[in-house]
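Here come two complexes built around chain A, the first alongside chain B, the second alongside chain C.
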Partner chain A sequence: MAATKITALALNGVSKSYGKVRALAGLSFEVAEGRFFALFGPSSVGKTTTLRAIAGLVQPDAGSIRIGGADVTHAPIKGRGVSMVFQSFALYPHLTVANNLAYPLVEEGVDKSEIAKRVKETADMLRLSHRLERKPSTLSGGEQQRVALGRSLIRRPKILLLDEPLTNLDAKLRHEMRAELKRLHRQFGMTIVYATPDELEALSMGEEIAVMRDGRVVQIGTPDELFDHPSDLYVAAKIGSPHMNTIQVKVGSDGNSLETPFGSVPAPRIIGGLSAGEALVLGVRPSDLRLAQGAAASLAPSVQQLEPLGDVTVVSLTASGQQLRIVLPEAQAIGMKTGDAVPIVIDPTKLHLFRGRDGLALSRQS
Partner chain B sequence: MCRSACVGLRAKGNNATADFLGMLHMTTTALPPPPTAPDAPAFLTPALDNWRGAIAAALVLSVIAIAALPAAAAFWTVGALVALVAATFVVNAFRRHYYGGLLVAPAIAMLFVMNIFPLLWSLGLSFFAYQSNRQTMKFVGLHNYIQALTSDIKAPENWANLQTTAVFVVCTVAAQMLVGFLLALLFAKQFPLRRYLLILVLTPMMLSVVAVGVFYTYYYDPTFGLVSQVVNRMCGCQYVLMSNRAGAIGGIVFADAWMWSPFVMLLVLAGLVSVPKYLYEAASIDRVSSWRSFWTITFPYIRGLLMLALLFRTIEAFKLADLVILLTKGGNGTMTISYHVLRIAQEQNKTSEGAALSYLLLFVVIVLTNLYLYVANRRSQEA
Partner chain C sequence: MADIITKTPIWEKLGFRKASGVSEAGWGHTALAAIVSLIYFFPVLVIIITSFKLQTDALAVPAKLFPTSLFGLLPESMTFKPTLENFTSVFSRAFTNGGAVENTGFDRFFFNSLFIAGTSVLLALVIGTLAAFGFSRYPLKGNDTYLFIILTTRMLPAVVVIIPVMLMLRVVGLSGSYLGIILLYTAFNLPFTIWMMKSFFDELSPDVEDAARIDGSSDRRVFFKICLPQVLAGLAATFVFGIILTWNEFLFALLLSSVDTRTVPVAMSQAVSGGGIGVLWGLLAAIETLFLIPVFLVTFFMQNQLLRGVTFGTVKR
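Let's look at the complex of A and B:
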């Protein structure tokens, strides 16, 4: 990443266990200042614990947390300059929206007129001005969400932690809030750490994404990097929808070809080469498969299922007992029926290879 | 007296009944439609479900019975007529398939026989000159009330007893609320042996008042009581706790608070554990002091329960008599109004005088609780 940027937040080997359950196992990552950083992974992978450790609600068992260069691993919550939006919003039910927004300011000794001004600004920005005198329970989910956001933004934190903030909203609202959050990030330019189990949220908002698994980070990168160069099968399976097709293959006896269920295909050139007979997993994105139009077809599996999604259609194919999914523009899928044989070509430059043993990606020679 | 205290419970009960009736209704609609209910009998038909006729007949016959028969016979005649009217209601409900009404009928009958009738009867008695150990009974109108409030002998005594009661109400309720609240704050936290200590702390509430009274007579005993022994050892003098008014009141207040603080604690604890943990986390992220987070987050959750505890305990404290009887027998200026009423009505057999005094006390409690509820409601509307 851009090395000139200042590191706003750095976690180094952070571990945390709850009894026998290991929530974090040597988690490390760095976030540059002003970046929208997404923590992505399925539920109970340690995202929330990570955020809580950064906020200071949880003391890590091992490792260190640095904010703006200062070690805050065991520092009290107060001095961290961190604000957090909880998944449950955690609005104070007995206070009005205005008082909820003002809550973090009152304790800081900001004077009344300044508080009123900031509350008004924040409410205007989040389109909550007409709701200021209401109690949180009388607001809709989206409004509650915006109050929670406003309460975190009002004190201009250095780092904003968002714990699955859109999970409790319906699909349409989620879409709106995604755009809203990006706008707020541009406007304020603070560092955001955003935990989400939703691939779409992570890819669409995160400038940088850390894919988590079992309490540690598997891969960090921009959305493109994760999509084009997944570091292992886990990341490959999590990023991209529909998921990457995976095919169990073996390296041919010459070391230059792969034996697939559909026959032999030339192997991509791999750094370090391939040893004959090695078991590998071949990955190919559904969007990287094309219909053979005129060109020689690599294989011709038959259609098992069609999922029209409007502009594209996801076609599930089966050949020699192997499932393959392919994404076709809607026009090409017209007229296809279950059982049809579809000639397709595989672009050898778009193949991903993973070691069968541990799922790690093999780097291609460029 | 329950009227005010039961408001919340009653609202819940109504819902439950509605659900239950809804279920009943569903089952009846699922079955083939019941035979159409017979029309109500005409007013003058001598039928067992003609409740309008029964009421009219009972009214006429009651008036005749009261006028013509001796008192005892008239009483039982009227009773039988009331039973007859009740029976026509039941038969009517049965024939017209008012099963909901039929199901609550036993409860209503019980309430009527055990509560409403005695209540009305004692209200009636308070207008008569009547003593339970004599046969005569004379209507005297408001005489008993006027005597209780203005008589040179009785009024000052009643007034003094009411003042003593007020002292007890203020002291015991304050002590219970404070101790119960602090205990709840303590038990809302996790610490080793919490469960067992909680059981121990709740025990006094479950003991019989008589047992508690006996405990404390032994604690306060002038010769071998624990209190006297310890103080004697320390000051070398002869100390008897119950020998003066302050000591006697203090002793009773302590016993009552010891017994009922766990009740307040239980209510407050229920409120404390209902506060979602994430609110405290949010507050710590918002860097709010614990004092402020208590008042803005915790207190709103327990305010209603605190007020309920206050109401319950105040009403109970007004009726304080048992511990007074057990510990001082009303001596040393600890005579409460409840015990006074009990004495007049039971020991001195002045039934109607006691009834009049009870109604005066009831009036005071109703006024106070309504005043309290008025203030509480207005505050909760403001909040």
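Let's look at the complex of A and C:
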């Protein structure tokens, strides 16, 4: 995919409060044209307010919003070239599917024959042709979703905002719609801003992901960047399933080892070095732990719980009250029982270290 | 996939809708419901029957309830011979001691009732719907206080309110005029119109309106193209309740209408008293039967709207 350098959307220091509640607190990010950009964070973190500000439904208290280079912070909604799919779908309940699809074009003053043509095209593309004369309430959830998408796509927006569009669908439909959304993005190449509380959706669809917390962006990056180099404990805990193991550790007296409840492990080389006795948080992904073959075990906690997931098994281990999860291929987990001691090897190159004080990641020497 | 086409039975077309997914009650329940509704309907039924009786039949005790003997099945004492005489004498009467046939003025009174009730309810609906939308979507500081104040005029018995109202109308010179009584009834209908319509607007999903704004609609278009069509059932319900209340209103009409603007309830009370030969029950019943027809029709043809309520299938909450 050819990455263009043109910035389609830029938010700079956008803040918004509702009474005493601070929804957005100096939010900034840029989205390159044609990018599938995911806004990821738990509910009430400001994702919806962000989208509404971009669409023009919400006026920011401070900061600026630029679309295609033009400042639209206080511009009217009409003319921004932005369309939006709501979590509730927000279809017009009194209009047929055809009229729902046609609505944005009617409001734009497009002439009738062109509207009919585009409605037909859109309906064909979204497999809605047999539903055109129905009212939205008689459609299934997936069909309603496709109507909402069609209504947003029909006037070919520069930017498409999607506010948790899959939350109201069942698991199977969600899977299908993820593929469908990716296909539509490839087909039309418009810029998409996709708000979701679902890590899997963000990682599988977002070319770039902004992790949000308390009305701000904590980290922006590709899925790999977020996974491999989380900027702090918050991001580390949000990205990756099962979640990263976090363990309170102390730097050993030599400054080169970490004392964990499971035993001592060699410390990775950190820029600026480590001071002896410093309290840190050690992060290690469950998939980065391996069973020790032979005598080289760094740790030997005991099995607390087994979760077989088919091809892999998630094993929860415990030692000195600390929990540690490890993902094993199914074959290796066969025969394990609760209470068994399991020898574990930690690869020092796969460790993440965070400052105990504020959770910020420590950069490793490369 | 072909849609399943079901034939709509005639009774469903007439407005007797069966709720889907609910099985019909058995005969026992149905019979019980029929008896209870007959008790409810009985006074109206007696009036309708009486309107077809001559004065002698109307005064008979026990009441004669059947217009036919069913080929001799029922005894003479229970049946009467139906007549349309009462209905003709609603509009014109001939004096028994000779003289020209005289117009009773009831054609005018019926027109007055239709005109005054119809205009004022529609006016209240227009003003009230706009006001309700304002209260719902553009709340003022102290919104609830205003809504409360609007309702205070209906918290007192009409008798108490009517004296200041009479004086107000007299001062501005509208007493006894169409404009005066229409404005009065509009004001009389506004509180509950606003309250009802506000509750319907409050039920609508704000997301749908935001979607329309993003799709390029102005606030005015959002109101007319998106909000109003969704509350049609509410408009119909409010209209019917307004018509029933206004149509039957007596006290204000009695004190504030003149001869020209008199409505049927007032005229009815005057037509039956006086004359010195007691109450003409047949005539009274005929007026009442005719008076019943317009509201009956309005309610009957709008009952689908009344029952339907507003459906929100497209918005999951």
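We take it that the second predicted complex is superposed on the first by the 361 of 366 C-alpha atoms of A that agree within 3 Å, B and C clash if a C-alpha of one lies under 4 Å from a C-alpha of the other, contacts with A are read in each partner's own complex, and residues count from 1 in each chain.
To be clear about the criterion, a contact is a pair of C-beta atoms (placed from the backbone, for glycine too) under 8 Å apart; a residue touches a chain by one contact, two chains touch by 3 or more.
Nothing here was measured: the structure is a model prediction, and the numbers come from that model.
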{"item": "Joint occupancy of chain A by chain B and chain C, clash or fit", "value": "clash"}
{"item": "Touching partner for A:262 - first (chain B), second (chain C), both, neither", "value": "neither"}
{"item": "Partner chain(s) touched by A:83 [first = chain B, second = chain C, both, neither]", "value": "both"}
{"item": "Which partner reaches more residues of chain A (counting touched residues only), chain B or chain C", "value": "C"}
{"item": "Chain B versus chain C as contact partner of A:103, first or second or both or neither", "value": "both"}
{"item": "Which superposed partner A:144 touches (first chain B, second chain C, both, neither)", "value": "second"}
{"item": "First (chain B), second (chain C), both or neither touched by A:188", "value": "neither"}
{"item": "Shared chain A surface residues [contacts with chain B and with chain C]", "value": "55-57, 77-78, 82-84, 86, 88, 90, 92-95, 103-104, 107-108, 151"}
{"item": "Chain A - residues contacting chain C, complex", "value": "52, 55-57, 77-78, 82-84, 86-95, 103-104, 107-108, 130, 135-138, 141, 144, 151, 155, 168"}
{"item": "Complex contact set, residues of chain B against chain A", "value": "276, 278-279, 281-289, 292, 296-297, 300-301, 383"}
{"item": "Residue numbers on chain A that touch chain B, as the complex places them", "value": "55-57, 77-78, 82-84, 86, 88, 90, 92-95, 103-104, 106-108, 151"}
{"item": "Complex interface listing, chain C residues touching chain A", "value": "1, 205, 207-208, 210-218, 221, 226, 229-230, 232, 311-317"}
